[in-house]
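Submitted below is the structure of interest, expressed as structure tokens.
Note that the chains are named A, B, C and D in the order they appear, and that numbering of residues resets to 1 at the start of each chain.
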Amino acid sequence: MKPEDNKVMRLQDAVEKYVTDGCHLSIGGFTLNRNPMAAVYEIIRQKIKDLHVYAHSNGQGVDELIGGGCVSRLEIAYGGTGKFMSTCIRFKKAVQEQTIIVEDYSNFQMTLRFLAGAMGIAFLPTRSSLGTDIINKWGFPKAFRKQHDRIPNQKLVVMDNPFDGWCDTKKVVLVPAITPDVTIIHVQMADFRGNCRIEGLTFADVEQAKAAKRLVITCEELLDDDYLKTDPDRNQIPFIHADAVVKVPFGAYPTACFKYYDYDATYMKAYARAAKNDDAYQQYLAAYIFDCPTHTHLLDKVGRRRVESILADRNRGYAKHLDRK
Amino acid sequence: MDYTLKELMTICAAREIKNNDIVFCGTGISMLAAMAAKNINAPDSVIFFETGAIDSRLEDIPLAVADPRIMYHTSANGGLMEAFCTMQNPLSGTRIVGILGAAQIDLYGNLNSTVIGEYDAPDVRFSGSGGACDVASFVSRSIIFMKMEKRKFKKKLDYLTSPGFLDGPGGREKAGLPPGGPDKVITDMGVMGFDEHTRKMFLIGCFPGITPDQILDNMEFEIRTDRAVEIAVPTQTELTLLREKCDPHGLIL
Amino acid sequence: MKPEDNKVMRLQDAVEKYVTDGCHLSIGGFTLNRNPMAAVYEIIRQKIKDLHVYAHSNGQGVDELIGGGCVSRLEIAYGGTGKFMSTCIRFKKAVQEQTIIVEDYSNFQMTLRFLAGAMGIAFLPTRSSLGTDIINKWGFPKAFRKQHDRIPNQKLVVMDNPFDGWCDTKKVVLVPAITPDVTIIHVQMADFRGNCRIEGLTFADVEQAKAAKRLVITCEELLDDDYLKTDPDRNQIPFIHADAVVKVPFGAYPTACFKYYDYDATYMKAYARAAKNDDAYQQYLAAYIFDCPTHTHLLDKVGRRRVESILADRNRGYAKHLDRK
Amino acid sequence: MDYTLKELMTICAAREIKNNDIVFCGTGISMLAAMAAKNINAPDSVIFFETGAIDSRLEDIPLAVADPRIMYHTSANGGLMEAFCTMQNPLSGTRIVGILGAAQIDLYGNLNSTVIGEYDAPDVRFSGSGGACDVASFVSRSIIFMKMEKRKFKKKLDYLTSPGFLDGPGGREKAGLPPGGPDKVITDMGVMGFDEHTRKMFLIGCFPGITPDQILDNMEFEIRTDRAVEIAVPTQTELTLLREKCDPHGLIL
């Protein structure tokens, strides 16, 4: 086995090694799906501070990182998880109380920014947001940007089309690349080298993974052989991008993991309730994160019955008869 | 006939969707409207999510655009890149109708879903654009759900998240946006459209029992009401299909 | 069935309908793999003229289109098929005799140009080719570009990074989008609506398909039901992009089709031999294209034994014991 | 020991590949060199193709970078976009070593694979860049195969397809390219490198029986030869592995 094959590690060690105070972090998933929640909880547990977080619509994970007090700056397109929190509650509170600074983009723009990072190009163009306040209003002012060399000098740049009306286009918006210090994603299958297979929608995980200086992968199933190479059309991330591979069954819980389990509606509703009240939220943090040394402990606390209730119907990929009321 | 306001609004939106439209769906009532159209009046419309799923079967109603229910039995499972490129590409984008909601709307159908108050020190923070700005920028028409309240129908938005007609005729073109813009606003009191010349919002019709004046009372700006008619109530078939096929467990309704 | 479902047609009809004299065409595949050869032969058979062709490294198909006298202008990155023709022979001859006009890009640039078309954006940036003659020397001069409104005003544009050194980048090259009138690809599986499944590498087929105003799909297997929707993670092109679907078994022959058949080394060597001599090439055209009303006739002429010899080992996806000497 | 010139050249190139290098492969001898490295001296190097395959098993030698043989047993099957992004991305690109060939090379390792003569009216047309310009633009080092001929080692290229050090020290930087550049030139008479200060080509060593002067006689420009040593001939192990494991049917050799 070659040195760079030795990527399998414990979640605690991976977070300790790669997620440090003040680092620039992005997490995979979308709203209530495939967020790397076990890693998020471990980051909170380790009391990592002052994170600069990049997100498109990574709802539950981002809200918990903010609620856990780990985040100082956030570049985001959408803070919500759909029906359970139309606006993420701890996010909303933190912005209103100005305990975090936010820069707003659209989902496409954030995706393009990750893609630019993955492509090794300084920016990418889009026609989205022309004429809007996404262009006019900046969360990170120019002076602030000047002070931070890890933040580009401009939020975005509006430019005339140099190809003179080509594609009926007069102007475009250029958005700057993101290269996080570390990206954490949760996938259905990974092998010991870090080859990844995502089932269902990939969201922007692949772009986020390839844009990052370090990539931490948590997975439902960890393969210690070359099984994934027998069907490479289904793999999205080759091992050359991977730094750590951690087996964490239910690692996206309470968010969903297509073909494995659904979101836990009960947990997410209870979370939203707690998030609305500071005291209740402290109790939530204590009970579900700080009192649980590992993700397994959290699952034990939730209880086998709830976990079993969300197991996916392997045909449909979600829990057909889950009570989501 | 018995129906709720939400059912009426959903069906009003569904009626705007034509067969073979590609329907961009957000969460909640907008998703339900798309499902209603597919089950009632536009069986060959194609439901499409910014997360990358296209033509999902939707056996069960999703509670978010990343719900695993949207990944089942699709034409292709991609990611955000694929979805937004499909919108930005005029060959496919012009066939898409977007369904959006927002915290505020103005006379020209511009939307705010970001903040109330100052951007730097907001009184209220909302979710932000998500894909809404992208949809509003790219697709040829959109349908907007709004609650009728003075603080929502604003003379001036606190933050312009998603472009409508911007400052009126030629506004999108001047800004560099593709053609397109809002088509209908479905509220809890009636339905508005946008004049094709002035690009200003006008009242298309009131819901049963609602007068144009009541609607104007709930807006900060004035709109023309002289073309308003009464909106047809949902038929029994529409209601049955909506209730039984789209949301049998009442998760959204 | 809805109107746009009616996409299944005969190859003759699809080519007649969508590939017209002077139109802008791109074809899928790469060198000796998954070129839509049946369609290429049909284009030659129908004596379509004056095509403006966009290619990255679509070797065999492009060389035959040129050899068949169908091409006037070509934007290309690579004219070759690997070992069988390190430089495509009819292409080489046509350029040297100036019977076609060529504009050169790199493979990445051509891919970005198709992607830009697929994305609906006027251009995309790259750092490739800075300092080279790809930037300095233009096959389509400015005046020529001015006369043709289907060709962008500039080959490419070198621009300073407006994000001031972000990503250690001072300059980028912008390449203009391509939106062909029609793209033709050959895939392993498609359904009657036009949903496509490509096995093995996708090359730039997906970008080419989505960039085009019209998309013609030839396929090994045509499904008249929703089978492909039962495993959508494997599908790359949703039906909304498709205009015609044509079942053509061995439709990539003599190039390869992963999991179905290998390239025919014998055919390709014979082709290269014929291509070197104008008389021999006329005989080749007559025998294999004009005397064969359909692709089936060409396969019959080649003979069952040769066709059977290239059938893929379903595990490996190619013909393990094929004699390629 | 008996070996052919092609075998010697292949093994010279293979020796330049280190364990854990990601090796970009073109067609022919460059692919064989990558396979040789993997089978002889760098078992953990990763073979990578511009067509989108990474870490292919290569049970059988491919005859093109789109040969179906490269799609078997890979880490992931993508497309050209994925491959070139991996090269342009400095996080992965700087770990890649490119192996290239060309029609012409100059003192600074710039390559021509496009035309001989005028671009608009060429005497000889070649394949063109393909991915060569991209590789040469992005990756940290490349190995170039060349035949020793005066018309190939040119004072001035007819067309600069793929960037080496351009006009010398700082040339790449001035042009806006990432760092990188050619590392070795493997010819049929010897091996050249590039001086780290002047960026000029110099002779590293001659093949057995070849003198520096013979090499100079086959070049249009002068290079320093004072550091030249004799190149170690292939070992029996190298030859056996090359012949038996990499190209048992002699398709390239």
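Just so we're on the same page, a contact is a pair of C-beta atoms (placed from the backbone, for glycine too) under 8 Å apart; a residue touches a chain by one contact, two chains touch by 3 or more.
Everything numeric in this text was worked out from a predicted model, so none of it was measured.
Q: Taking a step as a move to a touching chain, how many steps at least join subunit B to subunit D?
A: So the least number of steps between the two chains is 2.
Q: At what distance in angstrom does the C-alpha mean of subunit C lie from that of subunit B?
A: 40
Q: From the mean C-alpha coordinate of subunit A to that of subunit B, what's the distance rounded to whole Å?
A: About 27 Å, centre to centre.
Q: Taking the mean of the CA coordinates per chain, how far is subunit A from subunit C in Å?
A: 37
Q: Which subunit A residues reach two or more other chains?
A: Expected reply: 120-121, 126-127, 169, 172, 179, 200, 233.
Q: Which residue numbers or ranges of subunit D touch two or more of the other chains?
A: 53, 71, 77, 87-88, 90, 138
Q: If every chain is a node and every touching pair an edge, decide which shape results: line, ring, star, complete or other.
A: The chain contacts form none of line, ring, star or complete graph.
Q: Who touches whom among the chains?
A: Pairs satisfying the touch definition: A-B, A-C, A-D, B-C, C-D.
Q: Would you pull the subunit D residues touching subunit A in the complex into a rising list?
A: Residues of subunit D touching subunit A: 19-20, 22, 43-44, 46, 53-55, 57, 71, 73-77, 85-93, 95, 138.
Q: Report the residues of subunit A in contact with subunit C in the complex, numbered from low to high.
A: 120-127, 152-154, 157, 159, 161-164, 166-167, 169, 172, 174, 176-177, 179, 199-200, 233-234
Q: For the complex, give me every residue of subunit C touching subunit B.
A: 2-4, 117-121, 179, 193, 195, 210-211, 213, 226, 228-230, 232-233, 235-241
Q: What part of subunit B is in contact with subunit A in the complex they form?
A: 27-28, 50-53, 59-60, 62-72, 77-81, 84, 87-88, 90, 110, 114, 119-134, 137-138, 159-163, 166, 171-172, 174-178, 249-252
Q: Considering the complex alone, what residue numbers of subunit A touch subunit B?
A: 29-34, 56-57, 59, 76-84, 86-88, 91-92, 95-96, 98, 104-109, 111, 115, 126-134, 136-137, 139, 158, 168-172, 200-207, 256, 258, 262-263, 265, 312, 316-318, 320, 324-325
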